[in-house]
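Scrolling down, you'll hit the structures one after another.
Both complexes below contain chain A, partnered by chain B and then by chain C.
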Partner chain A sequence: MGIRFSLVAVVALVLAAFLGVGTAGLNHFFGVTVPSIALVVFLGGVVFRVLKWGRSPVPFRIPTTAGQQKTLSWIPQNKLDNPSTKMQTVGRMVLEVLLFRSLFRNTKFEIEKGPKLYYQWEKWLWLASLAFHYCFLVILIRHLRFFTDPVPFFVHDIERLDGFFQVGLPGLYLTDAIFMLAVTYLLIRRLIIPQLRYISLPQDYFPLFLLFTIGTTGILTRYFTKVDLIKVKQLAIGIISFHPVVPEGIGVIFFIHLFLVSTLLIYFPFSKLMHAGGIFLSPTRNLPNDSRFKRHVNPWNYPVKVHTYAEYEDHFREKMVEAGLPVEKELDEAPVTAQNSTEG
Partner chain B sequence: MAKVPKPNELVIEHGFPQTGWMDTPAVFRPGNFSYPGKAKNLQALGLPNPREWSPLDEDWKLPSNWKQIILEGMRERLDKFRSFKIFMDICVRCGACADKCHFYLGSGDPKNMPVLRAELLRSVYRKDFSLAGRIMGKMVGARDLTEDVLKEWFMYFFQCTECRRCSLFCPYGIDTAEVTMMGRELLNLVGLNIDWVVGPAANCFNNGNHLGIQPHAFKDMIEFFVDEIEAVNGIRCEPTFNRKGAEVLFITPSGDVFADPGTYTLMGYLMLFHQIGLDYTWSTYASEGGNFGMFTSHEVMKRLNSKMYAEAKRLGVKYIIGGECGHMWRVINQYMDTMNGPADFLEVPVSPMTGTRFDNAATTKMIHIVEFTADLIKNGKLKLDPSRNDHLVTTYHDSCNPARGMGFFEEPRYVIKNVCNNFHEMPPNTIREQTFCCGSGSGLNNDEFMEMRMRGGLPRANAVRHVHDLHGVNTLATICAIDRAVLTALMDYWVPDVTVYGVHELVANALVMDGETERTTDLRGEPLPGMEEDSENEDV
Partner chain C sequence: MKMYDGKYILAGLIVFIVLATFPVWFTHGKAAPPPELKLDTPVIAKMANKQCVLPKEEMITGHMKLLNDWRTQVVRDGKRMYVASDGKTYEMSLQNECMKCHSNKTLFCDKCHNYAGLQKDADPYCWNCHIAPKENK
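The block that comes next holds the complex of A and B.
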């Protein structure tokens, strides 16, 4: 059900752009208005979400410790998996963000009669995710050439590197190919791994269909309809410089591509895609495990009702004296009433 | 009480129902839930909605505005805990955590996949705290909070041991244990808890320990072990209680005072402290290391934990040593100083025997007995005869909390390797940070939950069986009081030839004490290697 809903949604988006531009001639709307709104929503939305997370404090240090703690001098600490300083924590985060270290631990279970459990090598998700994200990044950077004049050197460098591995003619970028493969893999695993199929929601399929279609239309634009890149650049620069123009003669496939990207931008801040920002704020990863030797204050710490020693002794004094346990007040000097304290 | 199926009768299938998880209601049957909290225990703690009820009943006797209470409680916690907010928002359902939970592995119930456990709460979050969920409802995985949903929460947040194994594998560190803690806090707001959590918590609050042992009885029990030790090696230890001016306050889980095999570990502490002449005292007021408040709410955790510092202050000790316990150490590492500190009346712990300053505990001023002992051994302060443990082939179970809530891996291994000649690790996927839970933590170590405990403990037992078959392992060492109790049951069920030991029991076996008579048995009265003949003669 989730799959169909998401698929239908993406097809509807494609049709909307196709009809809107191809039939109704809403070139300005799809070429300028929607992308502009999308950019604003994306930037505003991401900032809003991050600030909203930031508004909630982190009362306790709860890092997931994945290695030896800092302890006696002769026991080596695992500084990356159980960091105790800021720098070490940055190291841990770099590994998480750039290499998906936690995902790299992944295994797959197998159960046999007995019952006997096995845990097998399973790095495909890690590999595909990493491939997907890096290709996505490279593709994004390559797109910068539409928005910049002169085009920065690193965009050219990346393009050249990517093109160096070009497959076939007129030169399919390697990243494009890997991106499509990775997205396809992520989609297929959702469909065929029973656990995943059971937990997947429409919002898990939707971005994958969307990305797949964005990739497809992008490749079509570049290799098959041979869009006029000069014109695309005019349009792009127009949007970000607030002097929008919609040059004549850009094919409808490009508008579909642009519309889907706009959808992704609008969708991003309000969806799970915010994991990109969330990981940086995740308290099990971005905190040093230092709470045994460094004091931290909980901003909303409040006094709680405790059972004080005085109350305890009042309750048990007779038995304690009889057992020869020391007491604060002897039997004859003890008050009869117990007091409740609210000190924390 | 439910009948527990035999190991060979236990059906474990990892299939999926035809219906989606939202349309598959939780079914309570004997063996898959824990008995509800008794009214008197909720009252003792001043928790809301005390009453007698049963999960098997249709009517759970909730307050009429229960829904409002829960949603308000959610809002409050979202504002107080960034972890909660983020974990509600960023799961991509990649499934990396799905098969990492021992309860999923052992039960095959899809809702025991950590991701689905969290979705039980997340679906309600989407409905009431996100625009898309409000408008599109089920299409985006949002659903109304109904009584059935609440019942499902009760089922599955009390089928999670808060072990954090899932969080290790999540690319964003989403910790379903943290979600479970929030879920349990919310359930508590309307009086839904299990008695094996609130009972101990109430006892601890009023009597100082989970088992409700009163001061005089506490002293008696420990003195009983003094006699036991004397019978083994002729040494008479002299523990003191509630003594002002001692250098060290010692706190350990009360389970060690009460039940085998923890009692042998406790005898180990007594012997060690006696041998090194440590100036320490027990407390009958702070006579509990464990903290079942942690399995109730942050507030109850704080209320119970407060006793440690309060008592240390009253007695005027310099620092605290904590015994072998799992979640107690998670509380001490992650919460204690923030909740109940600053402990500025204590000093940074310095071992009186070695002079080692424990700067790693500079603010909590509480050190782990295993750290303390490791330092003694490293500095050659203990005379050890590991051959006294030669009848044991040992492996070590990392308890979840010291593992993933602290990073306490090398210290116990160092100690064990110094007191045992035969040691073998379990496979790497099942130890250290990847360790599998005993299946009975976080208050689920009750008898009525036995079937689920044996299921949840399967991955652990499976790894023990592996080294048992491969190396003849017959001893499972651990540094957690719950483990000592529950792994014993787990081993009896899955790997009957393996016996559970605390690390300090192994230390005590090997410890050569000044003035001891010739040792012929270990603490359990088993003949030491090479002494089998003698003990048989004695029997004659």
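The block that comes next holds the complex of A and C.
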């Protein structure tokens, strides 16, 4: 169900761009209007979502405690998996954000013959995710050559490194290949592992199909169905310099690519893809486990009137002594003010 | 609007916005016009029929692939002549054939390669081995 829906959605998007540009000639709409809207929605949407999250109080420490917490001095603490200070938490977050440590800790467990549970080494998800995200980053940086003039040095350096093997012309970028492999793995994994397929929803399949198609159209544009890059750059730099132009004669494959990327940008802030911002705001990761030595007060606590035992005794000390009940302070030890208050 | 840990969240958002809008503030609203190519070399001026080995549109998008195919045919198959669709034959040679007409590398090749940001100093690796034509500048 989810698969079919997502697939149909992506095919419809491709067809929309294909027919819109190829048949109806809506070059300006697909070349300038939609991408501009997409950029605004993306930036605004991400800020909106993060600010909304920022308004939720997180009064208590709820980190996942995946190791020995700070305790007696002779028991070594696991500082990264159960951080107790700000610096340790930063260390945990850095590993989480840059190296996906939570995924690295993944294990697979299976019940095999007999009532035996087997835990197995399972790093493929971690590997594919890491490869996917970093390739995507490199591809994103490489695309800066269409948006900047002059092109900054690091874009050249990354291009050169990425095309290191100089296979064919235009040279094969390694990240293109790895990106496609990783996305394909992430998709196939969802399709063939029964448990995973059971919990997968359209919002899991849709981004994967979308990214797969973006990668495919991008590769087609670069290596096979070539388009005039000079005109593409003119269009791209026109949008971000607020002087949009749509040069004639760019192939329709480029518009399909652009439309799918625009869709991704618009979809991003309102979907699971917001894990990009969400990972920084995960209370189970970004909080130090210091409940044992710091008091955290709930900010939305209603100011409850309390009557402590000390005050209670101050009120009723005389009567308690009269009745022969034990008191913590005898009548002569109690402060004078308290005595007065009982009379009043 | 009450924010919790506002200073961290806002700092993070500002970093995100600055990075995400990098092309906008880097180009600061300057539209970069595409380069004009110069075709006024002496050899081209003398040509009656100003025609490259392929039509212009195909050369724009496919010249790198053509050069790569030529390289393969010459170096690996020992084939040196290319028959164009109009029956004319060309020697498959970057230095002796392409650059004979386009003897103005800095005003022809480099212009687009620079604009499209190909590699540092806009040099596709043709010129790692080939010798660029001498130009009077």
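Heads up, the rule we're going with is that the second predicted complex is superposed on the first by the 294 of 344 C-alpha atoms of A that agree within 3 Å, B and C clash if a C-alpha of one lies under 4 Å from a C-alpha of the other, contacts with A are read in each partner's own complex, and residues count from 1 in each chain.
As a working rule, contacts are C-beta pairs under 8 Å (C-beta built on N, C-alpha and C of every residue); 3 or more make two chains touch, one makes a residue touch a chain.
In this text, all values refer to a predicted model and were calculated from it rather than measured experimentally.
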item	value
Partner chain in contact with A:Lys319 - chain B first, chain C second, else both or neither	first
Which of chain B and chain C A:Phe293 touches, first, second, both or neither	first
Partner chain in contact with A:Leu281 - chain B first, chain C second, else both or neither	both
Which superposed partner A:Lys123 touches (first chain B, second chain C, both, neither)	neither
First, second, both or neither for A:Lys79, with chain B first and chain C second	neither
First (chain B), second (chain C), both or neither touched by A:His133	neither
Superposition-derived comparison: chain B or chain C, residues of chain A touched	B
Contacts of A:Pro57 with chain B and chain C, given as first, second, both or neither	both
Chain B versus chain C as contact partner of A:Lys272, first or second or both or neither	first
Overlap of chain C and chain B interfaces on chain A (superposed complexes)	53-58, 281
Residue numbers on chain A that touch chain C, as the complex places them	42-43, 46-47, 50-51, 53-58, 144-153, 155-157, 159-160, 166, 168-170, 226-231, 233-234, 237-238, 240-243, 245, 247, 249, 277, 280-281, 299
Chain B-touching residues of chain A, taken from the complex the two chains share	1, 5, 49, 52-62, 64-72, 74-76, 78, 81-82, 96, 100, 102-103, 105-109, 111, 115-117, 119, 125, 129, 193-204, 270, 272, 274-275, 278-279, 281-285, 289, 291-298, 300-301, 304-309, 312-313, 315-316, 319-320, 322-326, 344
In the complex with chain A, residue positions of chain B that touch it	10, 12, 14-16, 20-21, 46, 78-86, 89-96, 98-100, 105, 110, 113, 115-116, 119, 130-132, 139-141, 164, 167-175, 178, 205-206, 208, 214-216, 219-220, 241-244, 284-285, 298-299, 302-303, 306-307, 310-311, 314, 332-335, 337-342, 356, 358-364, 371, 374-375, 378, 403-411, 414, 427, 429-430, 432-434, 458-459, 462
Complex contact set, residues of chain C against chain A	1-6, 9, 12-13, 16-17, 20-24, 26-27, 29-35, 57, 60-62, 64-65, 67-68, 112, 115-120, 124-125
